[in-house]
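Below are two complexes that have subunit A in common, paired first with subunit B and then with subunit C.
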Partner chain A sequence: MRNAYFILAALAVAAVTFAVARSIDNAYVFFAGYVVLQYIVLATAWNILGGFCGYVNFGIAAFFALGAYTTVVLHKTMPFLPLPAMMLAGGVVSGLIGLGMGYLTLRLRGTFFSIATLAMAVVAQTMITNWNFVGGSRGAYIIRPADSPIFSGDYIQYLFVVMLALSVISVSLARAIQFSRLGFGFSAIRDDEGAAEASGVPTLKLKLIATALSGGLMGMAGAPLPYYVTYLDPASGFSLSYAVNTIAMPLIGGTATWLGPLIGAILLGTLQQVATVTISSALSLLLVGVLLVTFVIAAPKGIVGWFKK
Partner chain B sequence: MSNPLLTVAGLGKRFGGFTALTDVNLIVAEGERLGLIGPNGSGKSTLVNCLCGTLRNDMGKVTFDGHALNGMSAHRRTRLGMARSFQLPRPFTTLTLAENIRVPILYAANVKTSGQAIDPRQRCEALLDMVGLLPKADLKPADLTQIEMRKLELARAMASDPRLLIADEAMAGLSHQEVDEILELLIKLNGQGVTIIMIEHIMRAVLAFSQRLVVLVAGRKIADGVPQDIIRQPDVVAAYLGS
Partner chain C sequence: MSGLLLGGFYAAVTIGVSISFGMLDIVNIAHPAFIILGSYTAYIANSVFGFDPILSSIVLLPAFYLLGMAIYHIYDVSFERRGDASIRGLAFFFGVLFITEVTLVLVFGVDYRLVDAPYIGPSLHFGPIDLPLRLLVPFLVSCALIGSLQLFMSYTFLGRAVQAVAQDPMALRLMGANPSKIKRIAFGLSIASCSVAGAILIIIQPVEPSIARDYIGRIFAICVMGGLGSFSGTIIAAIILGVMESLTSTFYGPSWSPAVAFGFLLITLAVRPSGLFGRT
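Take a look at the complex of A and B:
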């Protein structure tokens, strides 16, 4: 029941967020807000595997971009599909990739696992670059519909609402996992895999659940991207900045809980958007770097860690 | 001898060119207290790891409670009722003591008794109380002393509700009095019906505890019998003290 209350509260916060955004008479609020929300989903998804289980995934861009490219394929073959259906498809594709990656690499630990995920991202990018159907290295153009299909407003408002809903789903899911039997199993794996196995935890199965969930959510976060950017090429879809930001946010917020990635994403994501508009877009990555270094040195347990003993 | 709970037949394990265990045969009866001794490097821990599924044995068969264990993963063996404590305590460092105990309750004890699940909170408190750590239930393992860490290790092993407990050097590095405390705890557990294999270097503890003693030397079982006889056997003395 506590989960049900949390979801209701999260929906209320989401509704207020949308109402406030609507009250500001500027479409750019939705463009900027969409990016922050997208990072809430990415950071939360990354944390399910990276924070809860302790497996650091550098292949974020691959899961994210494969979700986006699933939309490109569906847009060309079945343009009548509504966006949530495309997101579901993107989630399934990336979730399956996550499952496969998990099965192939989870006998690797620590740095070796991380390098393998990075390699997987390179492989995925190479394959997309050489796949003519989705535009290859030229990229693909997607024409964004003018209006929202479910309420009166721009399509960007619709994208914002969809991403807002996905944020609520991801954060609620991460929170539910943290306090569940699954969450205890994940923590045991993070702390000592051998001892976890000796305590009856089916480590391989749990790790596969984590990689599939984490990858699937990242794919869903990437699925609306083609409609947001309207032009998608491999270099931007697989951009390393997605990976850097997504890892930096939970680290700054704190990786042990569902709250850390949320705080990190809102804080860092908003800061980047403000910096992009007011100073320069090149500054946003510098900001990430400086904050990351500061936090790793001064507060290794993140912002959430300040408030815990 | 009552029903055999654990049967090890012709067990062998090699690491590359090094043979760690050769043709080990062992039968452990239900409710027995067995001491397993041997000099450093004699293969005691390798044997434990093969029994618990952390390592795969190359030869031989292990049967537990009528189930053939070959190829079975470690977590399934734990769920069958085989628990171990680690030689160096390996607590879940980011979890509190109560949460440490909760993991095996959720993943082993409650999986076995499907249908009549026990209340994790109550069980957890009972286990921590048994080892005297209840007042520290909300602390992290880093706040514990060495003996408390050992007790946590035992409580966590017991949380999976095992029929066989393998205590791998649960007393190493403890003081005289602390050894007695752990010893008392293990004998109490045995009184509750848990079969125990104790691996130990502290002879005083092994002799006080064991009903039967098994000696491993260089990966072979060289003796198996009543403790007082075993420690007078010339080859056992030679292995420990040199000939």
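Take a look at the complex of A and C:
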């Protein structure tokens, strides 16, 4: 029941956000807001595996870009599909990849999983670069429709609303998991996997659920990307900055709860948008790296940890 | 043949990780970034002062050693003593990797950089076999590097102490020795090897900051395949990977070769996680 109230509240916040963005009446607000929302989804998704279970996934860019490239493929073969259907497809593809990766490596120590995901990003990029159907290394062009299909307004507003809905879904999902049997199983794995296994927690099954959920959400976050950028090439789709941002946000916000990634993503995402406009994009990435290292060393519980003593 | 020489070079690149990841259990994913840093210091020494890249990298060894000690010190104080080394340690090194890369981009830009040395152009000819010196020299240097590290590990007191830490840090602590001090030295050595590895990297191929990422998969694939911390295993695994990669790039095109390392890594992890030559 508490979940239902939470979802209603989240929807209300989302509606207010959209109303405020509409009242400003400037397309840039939607472009910048979209990126922040996208990072809310990515950070929350990462945290389901990284924060709750304690398994670090470095292959965010791979899951994210696979979602985006699923859209490119669907756009070329079945252009009549609505965007939410494409996102679902992207989520399924990335979720399955996550499941396969997890099945091969999660039985080992956590570090092997991390290294394997890191290498997977490079390989997925190699595959896409060599796949001519989706543009290969030249990249793919996607024409963004001019108007939103469901309400009057620019198409970017539609993308914004879709991403807003996805962030409501992922944050609610993360919160629901945190307070469910699943979540308790996850934290048991994080705290002491051997003890959890011995007390009858089905660790491999839970880890696979977490990997698939987390990968699937990342894929869904990536699916609208081709419409957002209108030109997608492997180098930008697999950019390491997605991985750094997505890992930095939960760690800065605090990894143990659903709230941490949300706070981290809003703060860091906004800061980065401002820094990109006012300083330069390379420096804003450097800023994220430095913040990540600083927080990991100095404030291991993140911003949420400051308030919970 | 060029695969064999390439493998020797990969062994030199990996040897540092064999020490840090294999022996000390520190997952230093920023290692390739330090190798690129080594390439750039060799590049500066070469293009600004006109020194030989390999000689200058040997001169710079102490600087990299100190850098490694400093990084280990931060790591030790903030993570190992608190006992939550796994996630935060990984994130820390990931941040370090990223900072190093972005800094290099900001300072040098994303252009490919080259060095100049007398042995880069010509080749040796033995009947039908061509040995390009720009692969042969790195191969010999990396053999020397690994050989000297192996001698250090087997015959000196410190080297044996490092091996003791690798086997059982708890027992070492009970004997009254301080494992972090020894680990700091070993980690310093691991980063020091980046200086030489970086210099031979820039001899073999032009370097730009983001190629560090291509090496992450390779390095860890070799390290795991070679059985974590075994030097001879590392060399054999590196040569296997080098040969496989050069065959792949001959038959399917160079754009596929990064996938080889990952395939190896995944198969090794799934089938035989202790490596081809690992104990148990």
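Here is the rule we use: the second predicted complex is superposed on the first by the 309 of 309 C-alpha atoms of A that agree within 3 Å, B and C clash if a C-alpha of one lies under 4 Å from a C-alpha of the other, contacts with A are read in each partner's own complex, and residues count from 1 in each chain.
Throughout what follows, a residue touches a chain if its C-beta (ideal position, glycine included) is under 8 Å from a C-beta of that chain, and two chains touch if they have at least 3 such contacts.
Quick caveat: nothing in here was measured; it's all calculated off a predicted structure.
The partner that reaches more residues of subunit A, of the two candidates subunit B and subunit C, is C.
Of the two partner chains placed by the overlay, neither subunit B nor subunit C lies in contact with A:G95. In the superposition on chain A, no contact is made by A:G264 with either subunit B or subunit C. Legend: residue contacts after superposition of the two complexes on their common chain; A:V244 is shown touching subunit C, with no touch to subunit B.
Of the two partner chains placed by superposition, A:G254 touches none, neither subunit B nor subunit C. Judged by the touch definition given at the top, the superposed model places A:P202 against subunit B, while subunit C stays out of reach. Common to the subunit B and subunit C contact sets on subunit A is no residue at all. Residue ranges on subunit C touching subunit A, taken from their complex, read 27, 29, 74, 78, 82, 84, 86-88, 90-92, 94-96, 98-99, 101-103, 105-106, 210, 213-214, 216-217, 220-221, 224, 253, 255-256, 258-259, 261-263, 265-266, 269-270, 273. Residues 50, 54, 56, 58, 104-105, 108, 110-112, 114-116, 118-120, 122-123, 125-127, 129-130, 137, 240, 243-244, 247-248, 251, 255, 282-283, 285-286, 288-290, 292-293, 296-297, 300 of subunit A are the ones touching subunit C in the complex.
Considering their complex, residues 181, 184-185, 187-188, 190-192, 194-204, 256 of subunit A touch subunit B. Residues 52-54, 73-76, 78-79, 83-84, 86, 90-95, 99, 102-104, 106-109, 111, 156-157, 159-160 of subunit B are the ones that touch subunit A when the two sit in their complex.
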